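Heads up, the next two complexes both have chain A, just with different partners, chain B and then chain C.
Right after this comes the complex of A and B.
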């Protein structure tokens, strides 16, 4: 009984200190990019149809992935090269594409893969080292409607771990420049 | 620490951690569009190469018209920088250039031609370009050229060519609205050195700079060029650091850069210059024959200079001691080469013209004109078409006359391009009344500013990054240079370049101009540069010339230098400054000053610039009254107290900022705020100092003397929080663990 107050105090302290820790961990878990639901997109684009069924290469559409920092979305012009001969009547998602092209309106996609602020990521460097798109993006080719989901954390810990495993530089200025 | 305290701290930090962790969600950015990617309709040019593209273009004419490069990716302009090849700036830029992208993407940009519901209502309805052009052409046809006036801000050089051609076919009058200090400066340079272009101090080679009030590092004639040269002046030559003395009433950020600041009574710059000349003459420090043009310009002779302008006499009016004036004179001859510049406040007194003649004239005594480390005169533009006519630049007195003519009905039609006379001239000039009285008002502004609010029809101009043009930087780098402006992005809205609209109007009037578009005018004029057969571009044919010009961002010829003449007849007589208001009733002098970011208010609609702290006070987004510590102590004021600032002209309430480095007896207030229009970021914040200053003129130049009004301050007893960086987080000293330990020297 002599130490009961001390023990109680220590217990209370531990509980008090555990609350923020638990909350931060919970936030990390629930708000981690991979835990986010699939984002709604203006057009439900099925990668599955284009990659698995038709057999297009990723860089057929994301043309700049191998040569520049950004993988880039294709211009609607490129979509229409095929879709001008694919009937769109009665297929609401395709009708949206054709309407946007005819009205000269860009499509505003919701960005799926979020990098942390103040970082640069260069696609071409990683591809020329020998990585596949799927190393970071997962098997996008198997993702159909409603859309693409982020499968890898892509936050600083993830980047640094992978850089260490592959003998890449890990000094700050590699990404924060 | 007691257990209870510990528990309190722990609980507080836990709550804090939870709150901070709860702030924001991943992917929850503001603005919402941050996490959108626009898929373009057609393949942008840069995608063909798979990397971001940098296009060369030019800064707007009122920012100096120097060469810029813009990073474009996915068809969007992302980042503006200085053109590394362009002479003078060599890759440097400033915040105003960086903010050009905000003009492009501004949410309040007019998306197409508009017609006012009723004039002055601020309500506009979209109309088609065809009907708008037909209507304006009809207005011009009815009014005739002699009853119409075109009011513009400083146009680009190619726009000047188009305006001149438009004037020739319609007979319309052209009037250019520029800040009054620049009107005085241009007039002095023309009359003192015989050139129509502004000179540039060769700071990179100078050993000593004497500056009378010019804010040359923060917004004066060429801040980028001069700030870069200033870096060379201070650090560019190993072992030799340029010496800089600043003479002016307020410790501005430019003055704070100086080695010595000489606080003076505003408007006494010219008298101090005469006292310096007096010292140089009596001590025989410079050869006597150099005084002839100086005496000629000021209508003086040796006896008058020696007797009337001794340092002791000038010391009584200027606020300096005779010893300080002698120091200035000695520094000028001890550190060669030396250069003298003057401007901003010095030009905005009732004796502004005299101030600039007397101060810039010191360069004649030092024989520093066109010498390395001296004042370099710039040549005329390489083509006569690219010249901006000086007689179109009106002084405040001429503006008042013009508005009188509009009000009397002698001029019925007013076209306004990007100029904002209703805001930029004091209310007494009568701009608003004149525009209300005019029969037709047509605006070409891309934003609804105070003047455009009084327009019947608005034909919005394109953003600077969307249009073609040629710019002769003024001041240039000391030799002939032309920057080319090219569109770096596709136009975002249904606006048309001002030059295109003038050309289309002329066609509708049945008198087509020599070019079909602003683009064609730009290219035709550029090819005339090729015909000169000199310059940096070697090209086999016209196409190659244009491609090289666009890739390099400009044309320049280092051999083509400026030359001037020395004055032989009097330009102005020496005069002391005068101030509006009784000194017993209004004990303080009001010193307005332009901000390095939003200038005289023409850039107040760009939020990046609004959020850029004024360098001395670090205040943002508002107006404030800067008072010296001693003045504040006398009145019992501290930073954040709201005071009533009373001038003979008006009364406003503003928060106080106490500046420990302020000059007692002066009250400073920044220009730029007080807009009643110009979009969501400009409207309804602060006051426009032009409503406070008495409409005093410089009687020699006819320009507004905005630095010639007395004022007083009264406490209201209220307080307001100033938005600023400095001192917002108080420093705590922890009791038990001092962060900084004080150690004895022996320890």
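Right after this comes the complex of A and C.
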């Protein structure tokens, strides 16, 4: 009984120290982009069907990847080039697409690959140096119904490591401006 | 590796303010209201200073556009506790918004008052929301910002040159202020390239003894050069007085 106050004190200190530690750990876990669940999309777009079954190239739909900073999502007109002859009756996801096209409404996709704030990434430069889309985006062609998942960290440490390995510039102003 | 610099010919400057507007539009600089000016919190990466010279009947307006001087020994850089302001290898004094924690030491240490603090979230009227430049970050509340010689244009041109497998051409890049200047008073380019417009302009003006830099005696080696006004009347009056 002599040491009960000391033991209590140590326990309280440990609990108090554990709270911020747990917070920090939880924060790193929840902020890690690869640990996030698959984002819900307005249409469950299966990349698998388009890439593996039909054999489309990434740049068939993401047309500006080789020429500009943004890879860009295709306009509905591009989807409808094929889908106007593909029957959509009884297929709810396709019905959503046709309905959006007929009502002249864009589809508000949710952005999957989020870069940190105040950062600029240019697709065309990376592709012109021979990097494959899958280097950063993973095997999107094998990703099916629920949607695309981010497979790479894509935070500053990830970018810098790759830049150093490939002899690219690591000056702040290359990405932050 | 280029060394970016700017030459501002005050003999050509007519004080129209096109550079200020161009910069404001290019770099997503918020619109300053009258209140903001009274609080001395206006943000203008390049500003036009106006001076009156002479007595009433013979009064003359003098204009000096003042962007960031991009000092080689910049006084703003060593005071930053988080290295948010640093010098690129191309001689530009950059501000990294992610790092900035808003101590404002740099703006206190800048003798030209060309660093600006975002005291509030930037606001634009609804009619201007769609004109924001996607190449430039919109700075949030609590960070410093400053002229960076339109570094997004430089980066874009360098990336284009890289993709095409060539070096940057002479005078391929220009800043928004230089592009907008109707009298070509502002010229931007590579100071190390003898064929660039800035180098040639400097070499010529050097022979005419017109080159100076703002607060040059502080020894910070600014990279913005001014060419002084050629005032024929003043020279004539001075000659008469002698």
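Keep this in mind: the second predicted complex is superposed on the first by the 151 of 177 C-alpha atoms of A that agree within 3 Å, B and C clash if a C-alpha of one lies under 4 Å from a C-alpha of the other, contacts with A are read in each partner's own complex, and residues count from 1 in each chain.
Everything below uses one rule, namely that contacts are C-beta pairs under 8 Å (C-beta built on N, C-alpha and C of every residue); 3 or more make two chains touch, one makes a residue touch a chain.
Just so you know, these numbers come straight off a predicted model, no measurement behind them.
Of the two partner chains placed by superposition, A:91 touches none, neither chain B nor chain C. Contacts of A:78 after superposition: chain B is touched, whereas chain C is not reached. Using the contact criterion defined above for the overlaid structures, shared-chain residue A:177 touches chain C, although it does not reach chain B. Looking at the shared chain after the overlay, A:19 reaches chain B, while chain C stays out of its contact range.
Look at A:101: by the touch rule set out above, it reaches chain B but stays clear of chain C.
Taking chain A as the reference chain, the count of touched residues is higher for B when chain B and chain C are set side by side.
Of the two partner chains placed by superposition, only chain C is touched by A:118; chain B is not.
Of the residues of chain A, those at positions 69 touch chain B in one of the two structures and chain C in the other. Taken together, the chain B residues at the contact with chain A in this complex read 3, 6-7, 10-11, 13-14, 17-18, 21-22, 25-27, 33, 35-44, 47, 50-52, 73-74. Of all residues in chain A, those touching chain C in their complex are 69, 116-120, 122, 124-125, 128, 171-174, 176-177. Those residues of chain A lying in contact with chain B across their complex are 9, 12-13, 16-17, 19-20, 23-24, 27, 31-33, 36, 63-64, 67-70, 72-78, 100-101, 104-111, 114. On the side of chain C, the complex with chain A involves touching residues 86, 88-89, 92, 94, 96-98, 135-137, 148, 151-152, 155, 159, 162-163.
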